[in-house]
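Before I ask anything, here is the structure I am working with.
Should a chain be cited, it is by its letter among A, B and C, assigned in written order, with residues numbered from 1 in that chain.
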Amino acid sequence: MSRAVLELQGLNKSFGALHATRDLSFCVNAGEIHALIGPNGAGKTTLIQQIYGALKPDTGHVLLNGKDITSLPVPGRVRAGIGRSFQISNVLMDFTVLENGIIAEQARLGQSFRFLRPAFDDPDLIAGARKILARVGLNDRADQRVGDLAHGERRMLELALALATAPQLLLLDEPMAGAGPEESQRMSQIIETLRGKLAILLIEHDMDAVFRLADRITVLVEGAVIASGTADEISNSAAVQTAYLGSE
Amino acid sequence: MTLTLILEQAFNGLQAGVTLFLVAAGLTLILGIMDVVFLAHGAQVMIGAYAAAAIAAATGNFYIGLLLAVPVTFASGYLLEFLLIRHLYRRDHMDQVLATFGLILFFNELIRIGFGPAALYSDLPPSLSGFVEILPGTPYPVYRLGVILVGLACAIAIHMFVSRTRIGAMVRAGANNPEMTAALGINIKILFRFIFATGACFAGVAGMMLGPITAVQPGMGEPHLILSLVVIIIGGIGSVRGAFIAAIIVGLVDTLGRVFLPAMLRLVVDQATADGAGPAVASMLVYILMAVVLIFRPTGLFPAKG
Amino acid sequence: MSAIRDFIGLVGDGVKANQTLWLLVFGFALFPIFSYFADLPFWNDVAMRIMLLGMAAMGLNLVLGYGGMVSFGHAAFIGIGAYCVGISQFYGISNGWAHLGFSIVTCGLAGLVIGYLALRTSGIYFIMITLAFAQMLFFLFVSLEAYGGDDGMSVDRGEFGFIDLYDPLRLYFLIWCALALVSLALMFIVRSRFGVTLRAIKSNESRIEAMGLSPLRFKMVGYVISAVICGIAGTLFASWQEYVSPDIMHWTRSGELMIIIILGGLATLAGPLLGAIVFLLLEESLPMLLGAVAPAYAENWMIIFGPLLIMVVLFGRGGLTGIIDRLSGTRGNADHKAGPR
């Protein structure tokens, strides 16, 4: 019996007449890759935002390792152990790759309120940043300005930054979106290396990648869970066939 | 006696409020729809006041001055948008602040060269310089009453226009979602220019009406600009309805506060303290109001954007 | 002992990385010698004004350039700093160090309150709210009759112990010391972990949140630091001018500070100082130039200056430091590049 890292209890969220999240409950277990799929407008991003803390649910609770984090704002949740990559690459565009790593490293160490020593010259921070970048193999691009990176490299960097805080739960919002086949494969490989080390909640439109990577899949339609199970169970589920896969 | 005073001051506050609305109405749309920090809106007030005063002096007729100043301010707004502002739409806010700040310096100096640094005083025609009794025993200047009525008429016209016409619908759509407006194929360039010129025109109308009751001088527009910014923040950027309500509130609070706050303070604290602090607090009242609104509603009372 | 050696090493590195700034700062140290031999004592006065406005602009640049917060109300802090001298003297406190202390505390508190309220918003709201708060303070001082109201109050230069400020050169060097200290402090801050985070917030606030940091706290601290720097400039401004009035915190002064920063170059250490030099030289020379061409209009130099400003906005990207960097072939933010020493 594996332990639940993330537990959602009866989440509801409405925007005016639109009921984006309906009485939603499920768990993400330690070490598993859990995919969240559903047609456009199913409320996947709204749900991620509620787990991440950017949106507050109208009712219901978000639990991380059994602790209620529903009222924590984003930075608090990150410190509690949630990491995230965004739908659109969210990195520090005006800085170099190494500088991105340094800023993440000093944030991880809780040293961002220091006023004297130059951060970008600090050997310890540089060493830490190199470690962060090494996880996604970006060290040879360290001196590149992020604005000049290829799309796929930016996604890698973002993943590295999300991993820098050593999260217990990683939210990946369409990590393959806009990537070429090679880049997608590279991303898949890296996600594969993370299996078992931390819990991952993956939103992805690339179904091949989802079925290859996911230990469990939850299907969301119109804000509610219609099915949850292993890849096999989901691909054989009649409800999913009609509601989702059939319509694609 | 006290009631008379209160009523009179309430009317003064109303008059300040409606003129403030005329300045703020265009500006809130410029800020909300075009996303341009346009600081030279105060200059439009000044241009309106000077145009009316100059034309009235040249023709000897106050009404012709008012009438002809309207197209002048419309034209100045139109030209300004065409020559400069349209180049600023895609710039960041700081660039807009600086460019329109430069514009203020330019306009103030232009007026100073053209009309001299001293304040211009224009006389009211006899038909407007009398008093009416708004209540038995409470006389009120005809002209100020006229300003209130014209201001309210303008407000109703703006409201009808924004809520009932096709262009008005575009304006509302633009305030909600500028990208969508562009996507709908609405000619955004012409819409912007039209809003800009009309906004300038209403600011000008405020200026020309204020002319005879305040000093017409270079830089006269800036206090109106700052107060109308306060109005826009309180009302919610891009919301014409919010601007109207906030303008009336600010006009009343400012006017009544200045008159009655020192006296009210005297009831609570000793006279010396009250006389010292009264005017100070009164002059800050609208800004305190703004801060309070911001604490509870960071996007104003009637945010246009959802 | 090794801590001191360490510190000196840090200063050395910083100076090497910010040569334009320190060239200017030391230029100001040597300027009185030049003006003495060239027999231009009046220009010492101009240089003091440049240093004071440049210092304030450097303070503003921390939030505006590095932090991306377009504050349009920093003149208020200059004003508070200046009134700290006037009001202290009104109650018989003539010690200049005390004035500075009051100024730092008061501006810090004012920065905290205004920052807390204003930083809840962003974009146009932030610009207008900072402006509105500055106006609020402006009208507050206009209405405080006890402290001169509209007309302001004349003040004596603060008593700084052995430094007699009525000796013009000592005043000059007091201002210079303040400039040098502010430059030094800012040089450390913008390169530090805090400064780097502040710049990262400007670049992408949500990524900083995703790293588990609250952007608001960094912005607040930056805002307070910049308010204090403007306050120090204001305090010295009062001593230099021997007069304080609400005019010192007129909203156009906030605009001037922004002009200075844009002219010089956003988010650079030398930019504000360079911008202040150009701004005040224009202010001094435009009337003369205009007077030479059209004597009747010498007073109306703003008619040139306004459009000039618009031109700078429309065509002059990166300001003067941008131009210098382009001429000398170095990259815009070369001094901030990461890498081993």
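Basically, a contact is a pair of C-beta atoms (placed from the backbone, for glycine too) under 8 Å apart; a residue touches a chain by one contact, two chains touch by 3 or more.
Fair warning: this is a prediction, and the values are worked out from it, not measured in the lab.
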Figure out the least number of contact steps between chain A and chain B, where 1 means they touch directly.
2
If you average the Cα atoms per chain, which one ends up farthest from chain B?
A
Taking each chain's mean CA coordinate, chain A and chain B are separated, in whole Å, by 49
Measuring from the mean C-alpha position of chain A to the mean C-alpha position of chain C, what distance in angstrom results?
43
Taking the mean of the CA coordinates per chain, how far is chain B from chain C in Å?
32
Enumerate the residues of chain B that touch no fewer than two other chains.
none
Of all residues in chain C, which are in touch with two or more distinct other chains?
none
Among chain A residues, those touching two or more other chains are none
List the residues on chain C that touch chain A in their complex, please.
10, 13-14, 188-189, 191-197, 199-200, 202-204, 206-214, 218, 221, 336-341
If you look only at chain B, which of its residues touch chain C in the complex?
31, 35, 37, 84, 87, 91, 93-95, 97-99, 101-110, 112-113, 222, 226, 229-230, 232-233, 237, 276, 279-280, 282-284, 287-288, 290-291, 294-295, 298-299
Parts of chain C lying in touch with chain B, wherever the complex brings them together:
64, 70, 72, 117, 120-121, 123-125, 127-129, 131-133, 135-136, 139-140, 142-146, 251-252, 255, 258-259, 262, 266, 297, 300, 302-303, 305-310, 312-314
Touching residues on chain A, where the partner in the complex is chain C
73-76, 78-79, 83-84, 86, 90-96, 98-99, 102-104, 106-108, 111-121, 123, 126, 143, 161-162, 164-165
